[in-house]
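The structure under discussion is supplied below as structure tokens; questions concerning it will follow.
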Amino acid sequence: MTKTMTQAPAALAVHELSASYGGRTVLDGVSVDIPAGRLSGIVGPNGAGKSTLVKAALGLVPATRGHVRLLGEPLKRVRSRVAYVPQQETVARDFPITAVQVVEMGRYPHRGWLRRLTRADDELVAAAMEQVGVADLAGQPIDELSGGQRQRVFLARALAQQAELVILDEPFTAVDARTESALLDVLTGLCAEGRSVVAVHHDLRTVLDRFDHAVLMAGGIVAEGDPADVLTPANLEQAYGIVVAR
Amino acid sequence: MIGWLLDALPLSYPDAVVVVGTAVVGFVAGALGPLAVLRQRSMFGDAMSHGTLAGVAVAFLVTGVKVPEVLLLGAAVSAGLAAFAMIGLERAGRLRPDAAIGVVLSTSLALGIVLLTHIGSSGDAQQSGLNEYLVGQAAGIVERDIVLALALGAAALAVVTVGFRLLRSATFDPGFTAVAGVPTWAVDAASTGLLALAVVLGVRTVGAILMVALLVAPVVAARQLTKRLAALVPLSGLFGAVCGAVGGVVSGKAELPAGPVIVLLATALAVLSVVFAPRRGVLARVRRRRVAG
Amino acid sequence: MSPDDVMIVVIAGLLSTSCALLGGFLVLRRQALLPDAVSHAVLPGIVLIFLLTGERASAATVLGATAFGVACVAGFEWLRRSGIVGSDAALALVFPALFSLGILGITRFASGAHIDLDSAIYGDLTFAPLRTMSLAGLDVPTSLVVTGCATVATILFVVLLWRPLHASTFDPEFAELSGLRARAAGRMLLVVVAGLAVVAFDSVGAILVVTFFIVPAATARLLTQRLGTMLVVAVAAGWVSSLAGERLATAIDSSIPGTIGLASAGLFVLALLLGRRGLAWRALRSRRPES
């Protein structure tokens, strides 16, 4: 299993992708292959197009050009195998819903509009909540959770989906350091199981210390590869436009 | 005071009064409209104009006479109360703006209807005159109304001019203004009061239901043509005035109610501007995308 | 209560049931004002169908009016998505224009048509029990049949589309990605709202359409923390206001839609004061010294 992973198709393969957001072209012909089975971070300054890249790859922002493969397939065929943890701002915070109901949504891609959730689904939901340490919050309304607790719940939803590829958009904003570390442990564990994780992130230090793979963006791709090779002073200066001491 | 203007127009005296009246109302609504539109509170105007009904009815019940100024005062008070209810619900009741507007709108409309029914059932023949606040009646404008509208409109514009920089920063960035030492409630109160004034002046002409269009459509039209707030206010006022005047003439000639005609003109102007505006218009954007692609 | 009174309460209650179910979603989706806009925008549709067929309360009327309601929603969505105009201004631009067309249509071509503006706005719930149709040999009020069908249809709609509706309201990006066809479900919701607004408009007038869609749902939101319970409470609030409003109207001899509107506003204020985190509790707590 470990050997075959290296020949597995890229977790996220983007070719000549262009996308505009609010009338402004944010991505212009970007190409990148993010390998499977790794914990990969997409980093770069604000407005570098990090979020737009993953949103366009997931069809949440219409792409004007280019094509995308997730796990070697077009999006349509892998929906249930790809989980997405959106930025907190896009979620309706005051929606009347409990933590466990959010995690149950992770089973919807497998059950569609009408099929009932089975006992196996319930067990997956419970296990996912246990894994990220929110089992005791199951009945809590989502608007009474802290930022860290809420983010754990959303990760539990991705786990409950049993996706092979988990994509997260700025998962650690508004999250305390302890939660961040715990969530990173869970993500690392997913990669050890052969799953792929791609996170848009802005904290270079974390990416350097905890991630297996880094993509540095500033409009286009500045560099990608091993975090230590990507986050070099020269590359960072090119991306951020300032001299960064390491 | 404005007799010379009415005489100078190539229209019969009653027509001239209607045209000048609708133009003045259109100008005031257009010039004050940015206070609602730029703060994403366009539909505030809708709830406030529905709120006038209850105020008019209460003013009539209390005084028992149909003096325009008294009814106007009642309308202004209740429109202001409706606005503060909405702001209060958003702040204290943790309601989203749209839900707060909806709750206040339906409550004040229900209250207005109950009161008007009560007045109607007490057999007062004059109640038909109150009904015009719901659907508007431009033909009822008299010279005294114009003078009143001019005076109040001038006062409102003076406030806008004096407090321009404050309103601009509060509209653009409420948080910053609050930090800078101006309490948000004060700005809210001022802009709400001004909006209530515009609503009250317009509501008898175009009616409570359509009033919101008179606040919003000229602003949308002007917004496409200028980026600067200092130009937006007079331009939007001008658009409102033109739609009011032309609508007044057309409705008089075609024997149609003035409110809907004015609203359709203003909407047409807004749509034209949205499609054809040189820089921000839809066509210009499509063309730019073609060139870029 | 006379049988007619009961009938009025039942018709209003049925209507409030379907409005509250959809209104719950609209309130959470920040689209609470759409029913207000739609109920005004359908007027030109009603007038147009009258001009074409000479009927003012037929299936064709409902279809024609719904078409205009959908046009209003579509125009609003297009303006909003284009990013040129804010969503609030888009709404304020679209529905007055359509309502104006309707008024001009009435005054120009259909003044003798008994589409009188008053009944459109105030509704004629009072006479609803008197207008009957024959169903299986029984004389049944037309409004009862229509609102009954509408209620059944709405409940079916909400049950069948529960997952895409609540998932897309809570987390639109997740719902879109998970293959639930959330955008399609959102559009269907708006079409159903337009259709229901037309039915409601015909039975109870524009005032109650707005009230029934928004106020019970907003009340329930203040009291509950789960979507399921919120919708149940909203429906209950609708029935309570229908009953209380009808009683009040009889007592003070007033407009039934008006008093029902006031009754539901009263429930809302109660919820605001006494609900969880209600204003009354907060006031009490702030008096007591912090322990």
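As written, the chains take the letters A, B and C, and residue 1 is the first residue of each chain.
What we mean here is this: a contact is a pair of C-beta atoms (placed from the backbone, for glycine too) under 8 Å apart; a residue touches a chain by one contact, two chains touch by 3 or more.
These numbers were taken from a predicted model, which means no experiment stands behind them.
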Path length in the contact graph (subunit A to subunit C, fewest steps): 1
Remotest chain, subunit C as reference, centres from CA atoms: A
Subunit A and subunit C: spacing of chain centres that average the CA atoms, whole Å: 40
Gap in Å, rounded to a whole number, between the CA centres of subunit C and subunit B: 26
Distance between the centres, which are taken as Cα means, of subunit B and subunit A, whole angstrom: 47
Contacts with two or more other chains, residues of subunit C listed in rising order: 221
Multi-chain contact sites of subunit A, meaning residues that touch two or more partners: 23
Multi-chain contact sites of subunit B, meaning residues that touch two or more partners: 94, 96
Complex interface listing, subunit B residues touching subunit C: 37, 40-43, 45-46, 89, 92-99, 101-103, 105-107, 109-114, 117-118, 121, 134-135, 209-210, 212-213, 215-217, 219-220, 223-224, 256-257, 259-261, 263-264, 267, 270, 274, 280, 282
Footprint of subunit C on subunit A - complex, ascending: 22-23, 55, 58-60, 79-80, 82, 84, 86, 90-92, 95-98, 101-102, 105, 108-109, 112-114, 141, 143, 157
In the complex, subunit C residues that touch subunit A: 28, 83, 160-164, 166-167, 169-174, 176-180, 221, 224-227, 229-230
In the complex with subunit B, residue positions of subunit C that touch it: 27, 30-33, 36, 40, 79, 82, 84-86, 88-89, 91-93, 96-97, 99-101, 103-104, 107-108, 117, 121-122, 207, 210-211, 213-215, 217-218, 221-222, 252-255, 257-262, 264-265, 268, 272, 277, 279
